[in-house]
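To keep things simple, chains are lettered A, B, C, D and E as they appear, and every chain counts its residues starting from 1.
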Amino acid sequence: MINALLNLISESSPYDWLSYGFMRNALLATLIITPLFGILGTMAVNNNMAFFSDALGHSALTGIALGVLLGIDNEIISLVAFGVIIALTVTRVKNTKTASTDTVISVFSSASIALGLVILSYGGGFAKYSAYLIGDILSISEAEILTLFFVLLAVMVIWALLYNKLLLLSVNRELAASRGVKVSLVENIFVLIVATVVMLSIKWIGILLINSLLILPAAAARNIARSSRQHLVFSVLIALFCGVFGLMSSFYLDTAAGATIVLALAVVFFICYLFRKK
Amino acid sequence: MKNNGNGCGLCEIKVNNVSVKRGGKTLLNSISFELHCGELTALIGVNGAGKTTLLKAILGEIKHDGSITFCSHDGRSLDKITIGYVPQFLDFDRFAPVSVRDFLLSGRTRLPVYMFHPKKHKFSVEESLRLVSCEKLINRTLGELSGGEIQRIMLAGALFPMPELLILDEPVSGVDYSGSESFYEVISDLKNNYHTAIAMVSHDLGIVKRYADKVLLLNKKVLCMGNANEVFASKEFQESFFSGLGEEND
Amino acid sequence: TFCYRKEDGEKEPDKVLVVTTFYPVYIFTLNLTWGIKEIEVSNMTQQNAGCLHDYRLLTRDMKLLSDADMLVLCGAGMESFLEEILRQLPALRTVDSSVGVRLLYESGGVSSHMQTANSHIWMSVKNAIIQVDNICAALKSLCPGYTDELEKNRTEYTLRLQNLYEEITAFSKEFTGAPIVSVHNAFGYMAKELSFDAVAQIESESFGEPSARKLGELSKLIKKLGVKALFVHPGYTGSAAEILSEETGIPLLILNPITGGDAQLTSYEDLMRKNVRTIAEIYK
Amino acid sequence: MINALLNLISESSPYDWLSYGFMRNALLATLIITPLFGILGTMAVNNNMAFFSDALGHSALTGIALGVLLGIDNEIISLVAFGVIIALTVTRVKNTKTASTDTVISVFSSASIALGLVILSYGGGFAKYSAYLIGDILSISEAEILTLFFVLLAVMVIWALLYNKLLLLSVNRELAASRGVKVSLVENIFVLIVATVVMLSIKWIGILLINSLLILPAAAARNIARSSRQHLVFSVLIALFCGVFGLMSSFYLDTAAGATIVLALAVVFFICYLFRKK
Amino acid sequence: MKNNGNGCGLCEIKVNNVSVKRGGKTLLNSISFELHCGELTALIGVNGAGKTTLLKAILGEIKHDGSITFCSHDGRSLDKITIGYVPQFLDFDRFAPVSVRDFLLSGRTRLPVYMFHPKKHKFSVEESLRLVSCEKLINRTLGELSGGEIQRIMLAGALFPMPELLILDEPVSGVDYSGSESFYEVISDLKNNYHTAIAMVSHDLGIVKRYADKVLLLNKKVLCMGNANEVFASKEFQESFFSGLGEEND
């Protein structure tokens, strides 16, 4: 560790890490993915959906298993399809108000993992799943970066259209409804976006870390934000900063890129926590 | 208060034979009445009478039998009207970084709250806050407000955009004396100058007497309806409030 | 009868059940018991289970183990998941086929004492011969009545394996010392046998993907040494090989780690020959 | 699947599955573990801690990594130790009331996974972790069953002593405090028990499923319970029934035992959900 | 009400120089006063004056400077006293399967709620419910109660075991007319017969006048203290309630 740090200081010029094609791609991807997650995270946190993407991640197992079973070749399709189904069902059950949001999410997460494991115990394929456990942002290709970029643009547009409604909804559902917000529609659009983004990027972030990337920036920003604007801006900035910093450090410290980014986010969270408005 | 050109399109809300069941129990039993624009209808009744339930049915949040229709002056039925709602309790996430400004803005514009807003919007928010004497709270987050302050902010939110129907569930519970006085002034103004229809739940019978044009005494069904004097003089009123808790039929 | 046998269980009463843990030892054992009707060989994991590093026992495996008279292990750490279960089945005879094999070690990171053995020993034909000997000895002690048949099968099979060995080593003379980079440590023993110079191995199986820095260094190394291809196994799901291939422009070479396939007696030899042919295409 | 079911009906006598020693052990273990989780789950759900054990499970990764780093041979020790630390810290941060419970849990879950991954990227040992991903109840030994049995007894005693306090606490923390409940103490004891039980049984249940076993019975029971007693009783009964039924089915259907139990729980949840008090 | 042998060990609560800061703002500024047993002290003040904050400081839930001591009749300071508390809002999980019986039992016995309980406990719960006229609600879950019903159940819970100090934050907001009448009767009984010390926040100045032995007018600091007539006649009182919201000093 210390050695590595020394290396970091002495041996390498700061731009060295960008001399590799895969690092440049990873940097571009980070510059797109982190703000995307920073944006979506604010509302995920505000709506008590801190484990929604974790559930989505775990349900990826079932998506893959079902895909294998149905003979769907393209994993992304089975992932996104299953993610969307889970997202809509969670929202629906949540709104019958029989249990708190986290319990409902937990139930679906559990059920879908168990289903996935049972299917896989017939068909093998667990190896595929464990490849998704820890993703690899270094493996992203230019075409995929472009796709993500368009996703980012689309999300930003939808965000601008939906934001106020989502905000009211996050304060109080019934109040939002009385103000003429189509609460179910808005909520469904939101979870659909999250599901799509999560499932699209799970390959690069990994099941174990995807939730962190969504929640940590927004949670950190919450400690110091005193308005919705600040929340959004801080969240995006923190995500971006930690993304780039983490990626760079991972190169010099010789650690896994995704985990290092998340670790940077965690550190920033605790700093923000200490300096929170008390 | 400025006239926001919102006029009065709504004439009356017809509640027709509304019943609500939950968990096998009848909470409301074929309720029928009308709310007129330009009138304050007070809903009174013992605790658990079903007042909140009735309001939520009108808001469309609770499944119910029977029909609730909004009619315009020329008799057409309206699909969507502007409703202002002050809930009895506001369940919300106290840690959310949502400021009073954010909350009020999000209810009145489509321009995302996180963008910079034209002067117009700012004035409108400030004006609303002035109505409830809470100008100083504009930068507070909702979680940092006292009980009465929240209630005031809810009132401020409910009054813009100018509602055609105002639904108030114990709106001034927790609000201090001067706050509730000025609130009732605003309400009267709204009613008289903008012909808003108002449904209000209150346990303060003095207030009901002073401000209500029509009083509805509820206990699962409509026990009595009329102006305040009529209702207060009725047998049912005496039974409800002066002889223990109304009957429960579990 | 000619074999020792447990009393209970569901198996056919007039047979001994020999269970193998996975594909290569299954093929070895099949060859050894060829023609002996009283010995039934059953493979515990499905043919497509691959390596057993992440394997979790299913109920049917436990059933099989409970019924088995003997369990053939590959050894060298491949079946670490079985340790505790075997403790619960003290009556079960087991044979560790790796006894006597010279193991390759790879360091496990943090501390050097954390070395773990590369458990893909069957990828060297020499090792395979040792494994066959071990299994045969155990089978003889299980079924003393079939000693002659077993010995005959062993001799035949060993001869075939010896031929295979000579064939591939002769062939490998052409590229002795060529630098290779492999993704899976499954090819460690094979590379040694073919006298490749295994300059780097991307991914030890113990941990996900290599770090960016390691990839950077590797890509420099590959370019410097003129490595011609990256060895990967079929169904490889990692991304490191693709990144490197993209960065350096060398192709991926898909080799079979022989962890699954048909249950033919000659499967092992066939797959081995196919691997060598694949290598030859690039290194000619 | 259909074949397997036919087998189930025609071929085998109902008690057949218990003719194997490992199945008898697994049954005993199930008879102890499921009520244990059924009991603890009620309060986990009531306190919005539906993902607490998931976080504990994920943090097992870090526990193992740290154990490897510190050269602790006995994994159980590093697991339990790290679990306890995480549990206490989560509780502490939660009580500073800067974010909702699920966000706090999510933050710690994220941070500890990332830390674990970074450490492991130096030290290997991910294989050990993935062995914990899917546990194996079939591998439990008699000594371990005995240990679990004593854990169950201990939990039942503590439960009887703490229950009323926990209940008040779950309704409202400040109210409980005013009634003389030592809220922090009670809460810490509770999370300590959960952490210990989870980490002790993670080897047999697996990281992916442990949370399901804790939450599903209690969440299912919630749909139909109308009092705390019913909640507890239903939760334990559901857990027990699904445990035994799932284990048996897994034998005849040839599926993974843990996943089958959880799947049975999920089915029961949805049945209870349909028959909930509306 | 039966005498539960709880007597009156407590004599007074001394609040000495208590200040509370939050997020850089001073919410309370060196508050000093005493609560006496057998007295009902009313805390009044505009919304956001810090009444709830003060009560929470007394409960020990909020960090504060200054000291709050409980003294017995012979001058010793007591560590722990029995407190009954009715919060202004009860934030709770509305889906939890906790019945009214569970809630009340859990506050008064050590025998786990899930066990079967002796007659004694049952009677005690029923008696408490009778006090607030809610016998019929015993098997409801807390989430199924109306606003006023919850408030009544909270009151029932606060009255057993017989508290030495009763802290009431707008206890009858949302409670109907007959409910609040009977509540004040119970309170008076408690005060007179059991010498309970009572601190109550209320915005209903009529009620304050009728029942309070001592009135404390707050706005971040103590503006005025004395009996109701004195306080109501004071200049500060007029300023607080009859000239808009009290000053904010952000």
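Observations on the structure shown:
The working rule: a contact is a pair of C-beta atoms (placed from the backbone, for glycine too) under 8 Å apart; a residue touches a chain by one contact, two chains touch by 3 or more.
These figures come from a predicted structure and were not determined experimentally.
Both chain A and chain B are touched by D, E. The chains in contact with chain C and with chain D alike are A. Counting steps between touching chains, the shortest path from chain B to chain D takes 1. If you tally contacting C-beta pairs for each pair of chains, A-D comes out on top.
Farthest from chain D in terms of Cα centroid separation is B. Most remote chain with respect to chain E, judged by CA-atom centres, is C. With centres defined as mean CA coordinates, chain E is found 28 Å away from chain B. Between chain C and chain E the centroid-to-centroid distance comes to 75 Å (mean Cα coordinates, whole Å).
Measuring from the averaged C-alpha position of chain D to that of chain E gives a distance of 40 Å.
Distance between chain A and chain E, defined via averaged C-alpha coordinates, is recorded as 45 Å. In chain C, the residues that reach two or more other chains under the touch definition are 54, 58, 208, 211. Touching of two or more other chains is recorded for residues 48, 98-100, 121, 126, 130, 133-134, 222, 254-256 of chain A.
Within chain B, the positions touching two or more other chains are listed as 22-23, 91, 93-95.
Pairs of chains meeting the touch criterion are A-B, A-C, A-D, A-E, B-D, B-E, C-D, D-E.
Contact residues on chain D toward chain C in their complex (touch as defined above): 19-23, 25, 68-69, 71, 117, 120-127, 130-131, 134-136, 138-139, 141, 250-251, 254-257.
Considering their complex, residues 46, 48, 159-161, 163-165, 167-168, 170-172, 174-175, 177-180, 221-222, 225-233 of chain D touch chain E.
Chain E contributes residues 22-24, 93-95 to its touches with chain A in the complex. For chain B in complex with chain E, the residues that touch the partner chain are 22-23, 45-48, 52, 88-89, 91, 94, 133-134, 136-137, 144-149, 151-152, 170, 173-180, 203, 205, 240-245, 248, 250. Those residues of chain D that touch chain A in the shared complex are 1, 45, 48, 50-51, 54, 58, 61, 93, 98-103, 105-107, 109-111, 113-115, 117-118, 121-122, 130, 133-134, 208-209, 211-212, 215-216, 219, 222-223, 254-256, 258-260, 262-263, 265-266, 269-270, 273, 276.
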